[in-house]
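Could you have a look at this structure, given as structure tokens, before my questions?
As written, the chains take the letters A, B, C and D, and residue 1 is the first residue of each chain.
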Amino acid sequence: MPTFYGVDVESRLLLGTARYPSPAKLSEAVRQSETEIVTVSLRREAAGGRNGGAFFEMIRGLGVRVLPNTAGCHGVSEAVLTAKMAREVFATNWIKLEVIGNHDTLQPDVFGLVEAARILTGEGFEVFPYTTDDLVVAERLVEAGCKVLMPWCAPIGSAAGPLNPSALRAIRAHFPEVPLIVDAGIGRPSHATAVMEFGFDAVLLNTAVAGAGDPVAMASAFAKAIEAGRQAYEAGMLEPRDMAVPSTPVIGKAVFA
Amino acid sequence: MPTFYGVDVESRLLLGTARYPSPAKLSEAVRQSETEIVTVSLRREAAGGRNGGAFFEMIRGLGVRVLPNTAGCHGVSEAVLTAKMAREVFATNWIKLEVIGNHDTLQPDVFGLVEAARILTGEGFEVFPYTTDDLVVAERLVEAGCKVLMPWCAPIGSAAGPLNPSALRAIRAHFPEVPLIVDAGIGRPSHATAVMEFGFDAVLLNTAVAGAGDPVAMASAFAKAIEAGRQAYEAGMLEPRDMAVPSTPVIGKAVFA
Amino acid sequence: MPTFYGVDVESRLLLGTARYPSPAKLSEAVRQSETEIVTVSLRREAAGGRNGGAFFEMIRGLGVRVLPNTAGCHGVSEAVLTAKMAREVFATNWIKLEVIGNHDTLQPDVFGLVEAARILTGEGFEVFPYTTDDLVVAERLVEAGCKVLMPWCAPIGSAAGPLNPSALRAIRAHFPEVPLIVDAGIGRPSHATAVMEFGFDAVLLNTAVAGAGDPVAMASAFAKAIEAGRQAYEAGMLEPRDMAVPSTPVIGKAVFA
Amino acid sequence: MPTFYGVDVESRLLLGTARYPSPAKLSEAVRQSETEIVTVSLRREAAGGRNGGAFFEMIRGLGVRVLPNTAGCHGVSEAVLTAKMAREVFATNWIKLEVIGNHDTLQPDVFGLVEAARILTGEGFEVFPYTTDDLVVAERLVEAGCKVLMPWCAPIGSAAGPLNPSALRAIRAHFPEVPLIVDAGIGRPSHATAVMEFGFDAVLLNTAVAGAGDPVAMASAFAKAIEAGRQAYEAGMLEPRDMAVPSTPVIGKAVFA
């Protein structure tokens, strides 16, 4: 059972709330998958000019914990301001911190990220930083007061799955006691199972579920896939063996002489 | 719900019965994972000199359908003979047909396999052939009367996972109506999820479960992983996108001039 | 220096002769890359109704050894007949034997391949069989009298590169003394370098060169890539190391407590 | 022909000078591979207490351009100081800037790297920064005055090859006019060919050559592999095609009904 800033949860699946075909589908996906934490984009939703409006009401009505995010923020001050608005709207110190550094890849600006994290932890926020798979950046975030890390496994919306398993495994090995959530880049359940097998604590998804043919069924599929990966990690898996090179003298080799 | 030779099953996980730490663990693994079909090696078990003996009793006692196999048979006549013994012992026409062609990789001898399949279907057997990922061999097996195919995804016991996804996907695409079970080479749940996402109908496992630190938990993990993969296949997954090449004009490119 | 049926060659690059923008480009590609062996499709070229015609004249004029092939043949008798025609046209016992088993993948029909190989070696042909990466099939081809093997690394024209390195390495390990040529599926020079690093003796290419923007330059690139791979294989390469798990106690780990 | 800070070179291979079996082997490797630029670790060599000593003499005697590096420096001030020493010793403004952030992975500390780069370019250095595959960090380095970038493809000494081709390709796409040199992680020539096919301008190697069974032959193999990759990039390669899904109606499908 993972613990994020003192909060124990059963479910290792976190869901984003954007781009669903309808609020009903979102609601049903959350319910069917037994998700306990959802992220909400303050900036995207507030852009409709209705802070505290219908969308936020609906989210509150889901009966799950809300992790507001700063999606779409491109600078430190914008991200900090958005975090503060989020605290008002959702009455929580939790914030998923995104400081975007590139329009195409939507990848973190690790410089702005560490700076914003430092400011926000200083103001009492409990920061969930959306970061890259860079170990040294991870160390800086921990030094800045983050007690959870959220590395990507591929660009947001790419559905590419873990592009650099070695880097993800290195982060896990170097931070045995920090809760780690893979955030962004997961496209299908096998990707989620794989990162859980690396020992990650949870997975955050949005597009892979919201954009599926049947988002409700897909949320449920991911929930099972994530449980499976965790259970396998704890049960002790076999290491793969290279069987290309014969272990015994080759039978009948003389035939080819 | 897949159908194998007219038999409908709920569970898409098939388990082998060799190399468990104890009969109790095997029994519990089958129960926990809700497996409905187990394979049993006639040749291995009979080598103890006790046909119909204690091991077979125990297997019958599991309350699941038995798929006897010809594991370890290296020639057509040996495989055919073993299949006939299996029919006596387990009172079933089902046979998982293995004709081993190489001591190291334990891979099928596709020549002997097709020949043995033809003989056995001619004698009323319902053959589940353990084969490679070769499409043309698959066609020959179907011509020989096989109504289920069991391609490997990697050598038995390698735990390497799908070594050639392209070949597996080609088999799926060319045989849309033949039940396909991946047999051999799966090492961890993410491998099983992945092949189910390709559209396979089921997965057969042995070492990955029997050799796990906790075989019972691992069987359960695989059951969930396989369900997840199937559900995702049916729910409609996103295709991965290559985001390495920018979709929009690069902002600030002039800076680098 | 590899030896094919008693013939020593310097160059480890073999080129197909189909689909070049012009005979001049083909000729220049052969010359620039210092290729010593080219394959020619009897069936394709003869389909123009002009056996021994202009195309064959041009090929003979290249001053390199010709390896006629049975490309496009779908059955044993068609392949054997084509091989015999080739012997007449090019006055050579060499034949690249293709027996195609599938319209889409253009992959070998391994059953027909072994049968045709047996017939042809019995009639004095020196057979270069185009085969899959199946070790057991490779053994049958050697038993049928083949003294060279030509496994594919991916479907013809896919440009996908080595789809199953493990299977290719297994073939190399099991046949340390049989000359092995990778035939089909290579798309770019790095693919060719990689298979040479596995210890293969040579590479046969067609589409990757003929279909390149500049076929002459591409032929030259492949020639260098193949030399590089061979030289590396002989010079002794480092094995990759997994550095994800720290080798030393993690410095400053206490920080994260 | 790439240009680094106004200097045109023919060879796209740069070699490190550490860990060779002997100075004679190093010298011969440089000569045989026609390398025009070598890197030298000030800190490692000076640790012998003999700045300007025998090793530096030997390097100067190679007759190639020297790119001093700050290998082993863990902080900004240490790196800056080492760079200044290097300028004295080798009378060059060129510096390969390494600011190491982790003992295990020897990966860059991107925070220290950008800061040191800014300081050094301000003092007239021409900086070659050893960096990760992070696009946003690359932008900061360019803003800091770097006119060449040297991303890693895997941890130093891992010989793992390009772990994240997507990230490398993204850097190439976003910086079409900045010379890009892959530095660290290359293990075998096929890795070097692959990154050159992505459009990189050059490759810097050390362990893969110095630690090879025959370093001189290996240096020569890499030189060819790198040329091959570049030539292919310029000649226009085929894109791989997915052939798993049939392009034509499946022949004989009715058989399986």
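Everything below uses one rule, namely that a residue touches a chain if its C-beta (ideal position, glycine included) is under 8 Å from a C-beta of that chain, and two chains touch if they have at least 3 such contacts.
Here is each chain with its UniProt name: A, B, C, D = Thiazole synthase.
Computed from a predicted model, the values in this text were never measured in an experiment.
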Neighbouring chains shared between subunit A (Thiazole synthase) and subunit B (Thiazole synthase), ordered by label: C, D
Most remote chain, CA-based centroid, reference being subunit B (Thiazole synthase): D
Copies subunit D (Thiazole synthase) and subunit A (Thiazole synthase) - interface residue numbers shared by over half, same or different: same
Subunit B (Thiazole synthase)-subunit C (Thiazole synthase) separation of Cα centroids, rounded to whole Å: 32
Subunit A (Thiazole synthase)-subunit C (Thiazole synthase) separation of Cα centroids, rounded to whole Å: 45
Multi-chain contact residues (two or more partners), subunit B (Thiazole synthase): 104-105, 139, 160, 166-167, 170, 174, 242-243, 246, 250
Overall pattern in which the protein chains touch one another (line/ring/star/complete/other): complete
Contact set on subunit D (Thiazole synthase) toward subunit C (Thiazole synthase) in their complex: 103-105, 155, 157-161, 187-191, 193-194, 197, 207-208, 211-215, 217-218, 220-222, 224-225, 227-229, 231-232, 234-243, 246-248, 250-251
Contacting residues of subunit C (Thiazole synthase) [partner subunit A (Thiazole synthase), same complex]: 139, 142-143, 165-167, 169-170, 173-178, 242-246, 250, 252-253, 255-257
Contact set on subunit D (Thiazole synthase) toward subunit A (Thiazole synthase) in their complex: 101-102, 104-105, 107-111, 114, 132, 134-137, 139-140, 154, 160, 163-164, 166-167, 170, 174
